[in-house]
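Here is the structure we will look at.
A, B, C, D and E are the chain letters, set down in written order, and residue numbers restart from 1 in every chain.
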Amino acid sequence: MYNFSYQKVSSIADAVDAIQKAEDGKFVAGGQTMLPTMKHRLASPSDVIDLGGIDELKGISVDGDTVTIGAMTTHAEVAASSDVQGAIPALANLAGNIGDPAVRNRGTLGGSIANNDPAADYPAAVIGLGATVKTNKREISGDEFFTGMFETALEDDEVITAVLFPKADASAYMKFENPASRYAIVGVFVASSGGAVKVGVTGATACAHRGMRLEEALNGNFTADAVDGVEIPIEKMNSDIHASAEYRAHLVKVMTKRAVEACS
Amino acid sequence: MYSEELVVGWACRKVNRPVKWTSDRTEAFLADAHGRDHVAHAEMAMDKNGKFLAMRVNTTANLGAYLSTFATMVPSYLYAFLLAGQYSTPLIYSEVKAVFTNTAPVDAARGAGRPEATFLLERLVDVCAEDMGLDPAEIRRRNFIPVDAFPYQTPVVQCYDSGDYNAALDKALALADYEGFAGRAEEAKSRGKCRGIGLSSYVEACGIAPSAAVGQLGAGVGLWESAQVRFNPTGNVQVFTGTHSHGQGHETTFAQLVTEQLGVPIENIEVIHGDTSKTQFGMGTYGSRSLAVGGVAIAKACEKLIEKGKKIAAHALEAAEGDIEFADGNFAIAGTDKAMNIAEVAFNAYVPHSYPEGLEPGFDENAFFDPMNFSFPAGTHICEVEVDPDTGVVEIVKYSAVDDFGKLINPMIVEGQVHGGIVHGVGQALLEGCQYDSDGQLITASYMDYAMPRADNVPSFDVDYAPTNPPHNPLGVKGCGEAGAIGAPPAVINAISNALGIKHIDMPATPENVWRAAQTATS
Amino acid sequence: MEMISEQRIPASLDEVWTALNNTEILKQAMPGCESFDAVEENKFEAKITAKVGPVKAKFKFNVEMTDIDAPNGYTIMGEGQGGVAGFAKGSAKVDLTEDGTDTILAYNVQANVGGKLAQLGARLIDGAAKKMADEFFGNFNELLSDNDSA
Amino acid sequence: MAENGVGASVRRKEDYRFLTGKGSYTDDLNVVGQTHAYFVRSPHAHATINSIDTAAAAAADGVVAVLTGDDLAADGIGPLICGVNVTSDDGEPHRAPVHSALAQGKVNYVGDHVAVVIAETLAEAKDAAEKVEVDYGILPAVTDTATAADDDQQQIHEVAPNNQCYNWPFGDKAAVDAAFESAHKVSSLDLVNNRMVTNPMEPRAAAGEYNSGTEEITLHLTTQNPHVHRLVMSAFNQLAPEHKLRVVGPDVGGGFGVKIFRVLRRVGCRLGLP
Amino acid sequence: MNVNGESISGEVEDRMLLVEFLREHLRLTGTHVGCDTSQCGACVVHVNGVSVKSCTTLAVQAEGGDVTTIEGLAINGELHPMQQAFKDNHGLQCGFCTPGMVMSAIDIVNRNGSDVDEATVRKELEGNICRCTGYHNIVKAVHAGAKNMGG
């Protein structure tokens, strides 16, 4: 790792102030992606600003039909939360299958969606549930938040404060794991609310996205069979040593079907 | 040996400062010696009963960029000489072309040559069974070397010490409930899963090795092993071995040998290894040789101590040496209750106040052991899998292993070696594949892309034994550390082939590869 | 890896060709490009900070234009050293065809990386290369479109 | 006695230290005055080394030395050896290219050792390693096992035409062919035996210490056979006389073959014995 | 910070990892480093009662926290029930992954209770790689340790 200057801030204002003053600053949330990258010397921020001391970014609350999860809430906390388990069990389940237990004890919701790894799990849920990302500046809809590979609508000095997940009548997340890294080769989050179906897909393409064709097929016919006729465009799919584009496209359908089945 | 080790040794003198180097995992992927990497074509000629008449094998082996220390031997002597397997195939012809590439050097990796040979042979045997319309167990039985043919000279140099291949097969079939497989496959089918079962009847040559044999093959030193068993005056024992433990539990197993032989409580025995300044010259630990070769050297040193102890006891007890008997740690005058225990003998040996001329003080003996032959563990492993045809995911639902390791000194440790070996082999079969791109860049250089077996990739195993008694080994033991890694890969791939009804699938049978094979199989 | 795509540019073939040979436009179009200087005819040196997610690496590229078929296209090739991150090399074969008042710019990109980027980022290489190529030609298109309206 | 003797599943004597964190692996060793080595490795699979400029690295903070293959050769340290001879079908021994511990003139795989930086801390060694300037002349790489010996492939080592180390036939080909001719059935199979990385959980490590008073080198290694390591380093690499070299394999975190030094050839000749 | 019940203070570079602090400053070398991508789990310790990968945590991030390493489990030479279970069930061979494995095992039992099932144990050990044991005996050990911890 190259040297850098570490600051632990205790308020959002301090965090914003610190990043504005830094020559090439980076926020660190859980650090489970950033620290390995820095260890390999593939990133060299001048300043690392730790959001771990900001209490207002932590915690889970349920208000009516909305589950609000603070950005610095760890995956383990989400997975273990009886509030989340009760309101959106698929979300608790998703959080409980990110990485491994030790990673879940440090990795955070905010860190995961700000990084927007093409194979991360949370973006599928944010999109699939139609969640809203709340920052120190504004609220961004899930659909607009993820803009490209590792890219989000966030500005450099913008801090995610919480994500507001609306409850769904039924929802499920199905993940096909990379056998080595355990990231999602394909992950599909399906949510059905009031007859409307939303599908969030991760791992398959450069950036998590809504499965519009799948939604079309499932709206009005919320069955696994409805997925059969959907064509998944292969040319948009990621392709790597673990899965070709063709296989990924196939898995999108299989995981969607399984998620639909798990909803019923 | 590696560059880093030599460079650190040289550099610490050059800069006259202590120097430490530790590989990170990425460096390990890049520059540790890799294993396997063959492409091969194999053919078996059979008579109308499925009896093997002759085998022909053509192999290209990748040695990487440079010759690592053992590179040349792995795909030649440790591979071709194992191609007979458990079968009485009378004629075998093998051609091995070893090539250089711009990749990391390739050398010994758990099993070294023997897993390559076994995978090829045990896959080919399943293809033969399919072609002949025979059950995989049946074609193996028809071709096994019969139990009364041992020691058995194969057409490929090796002379097998002992074996009862039918016994291991029968026991494994029972352990795996082979009979009940059809019912389980039906039930799996009702859940949309393809269930398959695969056998692998392997033999391997380990306990490396008889010096005479390796000398003929071009090795310039012997492959004996050494031991020193030293009593301290207060009666505790230090055992110095030329082998080296890196997880195999020598400090326990070797202490068991000594406690058994000398009757010293195990807590009073310390096994010392791994330091050229403490131990006598030895060859180290590899090729499952520590117990089969190193253990015997310890036993021989213990025998020498007993002989010496008899002399000392005879002197101390004022009896004739021929009248002294040793049992359970005591030297006694036969037919009397006059005795002294071995600790007293040790003390006496170091306080030789009235020793007669010719009786040497001290209680400390050396021994070397050079075996007459390799040892040939063998067994049958049976793997049962369920394939999800929609995703290609393979789940190992049951794995049964029956091995012949001769006599077991510590069954707990042996079983642990079997478990570890199986998972190493399962890793090769299902998960692990080292890949370079066409520019020679290693694109599987971390655990993010190189899939190591984890706890949830494997089940718990059913392990049993069908031991025979190897005549060349004074302890009656065979090696066990590599068996699983040798037996498992063909068992897994045979099971997948069986599940999908296909001829072959290459390793690693990743979900995508299995899915594609399933597509082809059903279309 | 190899990828093929195209851009419809609201400019004449000659304008596009001129822009393809304008180092200032190439610099502006290239994401993270700090400098793009000619060293000799058809040879350039470019400094680029490549950013893919948490990874940020500074590259020094030697760029060369070959197979020049004015004004119909060329191949632009680059080899860059990124220090500890490793190296990258890529080429884009560019073909221009007139379509009414527009020009179709078709590009066929090949990219490879070596060193740490290849060792640790295998799953991301294709995606990152595609993203950079699309951004480059997308920006290029925008720059020309802006020129038109100006 | 029998309860702990042969055939008993005695609980392991070594476990207490491993379970309490008191195992002593090579990287756990720390001595006063210790420096840290970091290797500059080739990022290219196949390239000539046109030049190595170590000046900037040598001047970097905390750097004790930057050493290359030329320094190694100047000190008379011999190349790494291969232990076992296989005779090729032309009656010649297998082709054995010279393998210097630090590359000279050419690198032949990604990760090949180009130079070593020794510094007060590991971080400083890594910082300085980035300052070693190596000018490579990149050559085409050969990576595919099946086609490596094809005529149109790039030649890697001068001593090995067609990238072939040996071609080693074994058995009575005529008899086997005849048996195939008259067989009832022939079954055949093409297969690949995939390349594996052995991956003991403890990465390799080495810690060397030199006593200028006794002129003895003590080398702690992740080794499966310390005596043979010592013998080879002494007899073939001329590192130090055997009695002035101590090799220790402390607790070693798995081997599986990757930490071996094996059987060697021609030691007798080297030692002047018949 | 508090390490194994003792209050520790020291000046470190901001870039120092927790595992480096433990191994190099405190000479607590039981915590190992087996990879550089947070996958192998040889470095797992407990921070404030939960398992973390000390190779992916900065030392400064653990400031003020309670850190427990493998060295802190045995009390007066008596093994923690999980350590004892690993010994009794031959849940270790070379011993290198063992400290992280034991720390993860205790964390699994803390979260899932003493009657945790085999599938959960296997799933939750996914962040700890062992090359020697084939996991069979580790899983057995975790179950035995869970019972002992519970009782």
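In the analysis below, a residue touches a chain if its C-beta (ideal position, glycine included) is under 8 Å from a C-beta of that chain, and two chains touch if they have at least 3 such contacts.
Please read these numbers as outputs of a predicted model, since none were measured by experiment.
Visitor: Name whichever of D-E and C-D has more C-beta pairs touching across its two chains.
Guide: Looking at C-D and D-E side by side, D-E shows more C-beta contacts.
Visitor: Measuring between mean CA coordinates, which chain is farthest from chain B?
Guide: Farthest chain from chain B, going by C-alpha centroids: C.
Visitor: Suppose each chain is reduced to the average of its Cα coordinates; what separation in Å results between chain C and chain E?
Guide: Each chain's C-alpha centroid was found; their separation is 48 Å.
Visitor: In whole angstrom, how far does the Cα centroid of chain B sit from the Cα centroid of chain E?
Guide: 30
Visitor: Measuring centre to centre with CA averages, how many angstrom lie between chain B and chain C?
Guide: The answer is 55 Å.
Visitor: Between chain B and chain D, what is the separation of their C-alpha centroids in Å?
Guide: Measuring from centre to centre gives 22 Å for this pair.
Visitor: Multi-chain contacts in chain A: which residues touch at least two other chains?
Guide: Residues 1-2, 38, 40-41, 178, 181, 241-242 of chain A each touch two or more of the other chains.
Visitor: List, in ascending order, every residue of chain C touching at least 2 other chains.
Guide: Chain C, residues with two or more chain partners: 84, 114-116, 119-120, 122-123.
Visitor: For chain E, write out the residues touching at least two other chains, lowest number first.
Guide: Only 13, 15, 33-34, 36-37, 39-40, 90, 93-95, 126, 128-132 qualify.
Visitor: Would you pull the chain E residues touching chain D in the complex into a rising list?
Guide: The contact residues of chain E facing chain D are 13, 15, 23-24, 27-34, 40, 42, 69-71, 73-74, 79, 83, 86-88, 90, 92-99, 102, 129-132.
Visitor: Where on chain C is chain B touching in the complex?
Guide: So the residues of chain C touching chain B come out as 112-116, 118-120, 122-123.
Visitor: Along chain A, where are the residues that touch chain B in the complex?
Guide: 40, 176, 178-181, 183, 241-244, 247, 250-251, 254
Visitor: Give the list of chain D residues in touch with chain E in this complex.
Guide: Listed in rising order, the residues of chain D that touch chain E are 11-12, 14-25, 27-28, 30, 123, 199-203, 251-254, 256.
Visitor: Which stretch or stretches of chain E touch chain B in the complex?
Guide: Touching chain B from chain E are residues 33-37, 39-40, 90, 93-95, 118-119, 121-123, 125-126, 128-140.
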